[in-house]
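Two complexes are shown next, each including chain A; its partner changes from chain B in the first to chain C in the second.
Right, the complex of A and B next:
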């Protein structure tokens, strides 16, 4: 039983940052932006989270800083891709590398360390115990006592779903992706919608970054996003942006990650670390097979 | 042509000014810092030789990305392909012993095979299951990262070393050096020449470029798109693999953990800023090598952390690429206005 609870908790831990970043990606996906900058936004968020938490001794300031740091990246994306009309793909790659460079540079300049910064003065984001529920055996161990960000993530799934499908803004958002000109001619600036979607993406990626560096550890390491932004991009593409689908697929990725940790007893750690990436490849494989079948049906 | 050079120079200048601002805010003298940067990388023949040596992996991975992007496939797998190439060359160098004249070419071929194998996996996934190479190559990067780490931690681990690394490869497989000039630069120039020739002077190169610009047009024109895709993926993988092999054979002569860190993403950056031009790739590869080599001088003399260069590189890419589009539309606008005026008068 303990193993199962451990697996579920591991799954939630691994899924949270991917899910948050993918929700951000979903916003921009609906707005018709080919946004691959989640990796960079997340990394920037992770760095600023540590910065805020370290200097103000408060996890709340850490989260705020993380969001601001990720929004800064989003604003640079806006400047280049929306204002200067640069290719979104190149902007994204450039931004990811800029984020990597900036955080490495600031790590050296501000904290005077190379590679990683950790300190007892960094305040982690607390775990929340829900009264009553925490006393229920098994269920209490899973539902209660998770990190604050995990609960925020659940909330974020619901909010994003509501925002995209049930509000006027959501309608415009989808219109911006579906037919920009049409939206523009009906008097709503598509660019404004695109900018808002990027800012929301920044907020969500900032939360993901804060979870990485202040969730279960209190450390920032160079390039600590380690491809999670790319995995979240894969998740967005796999389910065509649907927030519910993203939640499911992120949990699946999280599960394989937890499974990887579990397999470490029998396998060298380098192989188990590959598991999430291999899982992404397998998911893409299944996706393309299904797409092929669909096309065949349409063709016949 | 002149206009293109101008746009690139203006972009670089803007990025440098931004970097200078950052330094000035921190109370460092930017002019001194930039002087040290270029002095450290180009000051003496020895330093130039070292910078050239450093440029090899940058130019090769840059060429890999350039050829791929110019021909269509979004091969972002240079980091992984580089590592696999490095691993193949290392393993070959550990177990095979031949005279240098045979062993060096053999190891170079092995490294290309390693890289091509890794990009071939992505190409195959695309070919068989239509999986987008853009994400598969990224995932394969991470997998290669762990795979090579495992390889140097277990099967090819040097006993008694305190961090993952392999023993030294056979001395016959080391790239010859004359003073501080390493012969890997010759290999790089050869590869550059061959790539330039293939892209600009052969039928397949022409087909690749056309496919990159307009896939539908080339297919209607009778180009075998699938075959070309496979060829480009294998070639670009081989180039990145060669970069990895040369890092081992001219550098530490063994596979050390994190050996390929950054090199390969730099290749993608160089390709983007070079706008899929083969010659510009060489130029920017050399330029980035100057920056990266000089960064240490900047750090030693002016106490500006060398990581600033990483920021500067990304800023150069963003500004040059954005500037290119912006200026081009500006020129087009001016041109159109001039024509209008010509007509009305």
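Right, the complex of A and C next:
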């Protein structure tokens, strides 16, 4: 039983940052932006989270800093891709590289360390115990006692779904993705919608970053986003942006990640850390077969 | 009726030195249908875009209901009651009709929640008010082009627009859909709406409008009452010289059979027979026309000839060889082809003009390549572009500019130039003058008859019966994928062919 609970908690831990970043990617996906900068936004968020938490001795300030740090990256994206109309893909690559270089540089300049910065003065984001539920055996161990960000993530899934499919903003957001000119001629600035979607993406990636550096550990390491932003991008593309689909894919990925850790007892870690990526490839394969079948039925 | 809009002394210059509008002044009256006619590039659309706030004028003023206005974007124009339906339809196919209509003007409840019930009710009410035959819940992707156009108009009416600008609304419609649009526009006028109607189809203009303003090369030639206007008079105002609408063929004896289709059958993926038992021949020095209501197999016939779809049975031979199994390049040695889909099939819009001009030539003519066909010879290519520009009277600055920057008429001239200079003995023309103005059409027709006198064989598919009667020696009528008549043009008339097109058989009293 303990193993199952451990696996589930491991799954949630691994899924949370991917899910948050992918929800951000979902917003920009619907706005028709080819946004690959979640990786960079997340990394920037992780660094600024530690910075804020360390200097102000407050996890709340840490989260705020994380969001601001990621929004800084989003604003650079806005400047180049929306205002100056540069290629989104190139802007994204540039941003991811900038973020890696910038955080590494600041780590060395501000904290005077190489590789990683950890300190007891960094205040982690608390875990939340839900009264009553925490006392239920098994369920209590899963539903209660999770990190605050985990609960925020569940909320974020619901909010993003509501925003995209139920609101006026969502109608305009998807319109911007389908046909920008149509939205413009309808009297709504498509660029404004695109900028808002990027800023929301920044906020979500900032939360993801804060979870990385202030969640279960209180440390910033160089390049600690370690490809999670790219995986979130894969999740977004795989399910064509659907927030529910993203949640499912992220959990699947988190599960295999946890499974990999579990398998380390019997197998070399270099091998087990491949598990999530192999699972992603298998998911892609299954998805493509399903897509083909669907197309055959339509008779294309 | 009083004046609603005055445009005074409008000047628009596109850098570096193209004068699109040269001191144009037009007055629009409330509750009229006012046609703006002129050749492609005469400045019709530019004038309307200035009124609609899409482009700023370099000088001049706009007076709306007695007050000077200046719109910096379409949103402001719409707020002042002026709306424009563009040539290309701007809707979101993935959205339903009502979603498209309310986009930008959506009713909401708490928390920005879209009030879809209210929105649907409002759209339904508008549909009812204007007698539009539309279902608010269908996806726009699933409705016809004519219905989409209605959705565009509805979208503007939903914003309480009283002045409607229609930019060549009939260019996307089939001939059968046009009367319905016109009766809807007339009903809107009778409700007090003012409609500005851009067109270069003179018959339409005379049928629909109350007054007509003619532009030529950026200058206003005049505004006349439609009931006092004649087609020849208007054409002369537009082009600046006399235009002849009569048949332009000279008697000529046709030569050998160049192109022959026999027993051709094609059934599509849904098991629907699209072409049944097609037989036809085209001789050298002969223009054979295919008449028919659109969607009766013409497109499939073209696609089969060009090898885009594979027929179940039958042969197609050009110059005595069966071309069905041949590669596209082999086919292109014998068949010159102008597609009705200019932007996708005939040309590459984002490429330069020169690149478009030498397409296919670069494979067939060693003049354009060196090192055994590996390297393009741009000196020769540029030279060739100049030749096409010269022979086909293309208005363009240089071959280096993008193809997409040309006006529709000039795009078509470039394509025709490329195809007709291929020296292929057989020429397949699918709607070669669609969307062109009177002057360009006349020009294209002249080129087609020149090809005829050079003993080429020409198969001309057109939805324009007048065009067919003007050019062809023989007329084939298609109905539901079959050839229902093979007529000598001089021995038939428009009424008979029109009847065959609709009914698939000869009228018998």
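By our rule, the second predicted complex is superposed on the first by the 298 of 300 C-alpha atoms of A that agree within 3 Å, B and C clash if a C-alpha of one lies under 4 Å from a C-alpha of the other, contacts with A are read in each partner's own complex, and residues count from 1 in each chain.
One rule holds in what follows: a residue touches a chain if its C-beta (ideal position, glycine included) is under 8 Å from a C-beta of that chain, and two chains touch if they have at least 3 such contacts.
Only a predicted model underlies this, so the values are computations on that prediction, with no experimental measurement involved.
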Touching partner for A:86 - first (chain B), second (chain C), both, neither: first
Per-residue touch tally on chain A - higher for chain B or for chain C: B
Touched partner set for A:183, first chain B, second chain C, both or neither: second
Which superposed partner A:281 touches (first chain B, second chain C, both, neither): first
Touching partner for A:131 - first (chain B), second (chain C), both, neither: neither
Touching partner for A:169 - first (chain B), second (chain C), both, neither: second
Residue numbers on chain A that touch chain C, as the complex places them: 166-172, 174-175, 178-179, 181-188, 299
Residues of chain A that touch chain B when the two form their complex: 76, 80, 84-87, 89-91, 93-95, 97-98, 100-102, 104-105, 107-109, 226-227, 230, 233-234, 237, 268, 270-271, 273-274, 277-278, 280-281, 284-285, 288-289, 291-292
Footprint of chain A on chain B - complex, ascending: 26, 74, 76, 125, 129-132, 135-136, 138-143, 146-147, 149-150, 153-154, 265, 268-269, 272, 305, 307-308, 310-315, 317-318, 321-322, 325-326, 329
Residue numbers on chain C that touch chain A, as the complex places them: 74-75, 78-79, 86, 90-95, 99, 103-106, 108, 111-114, 155, 159, 269-270
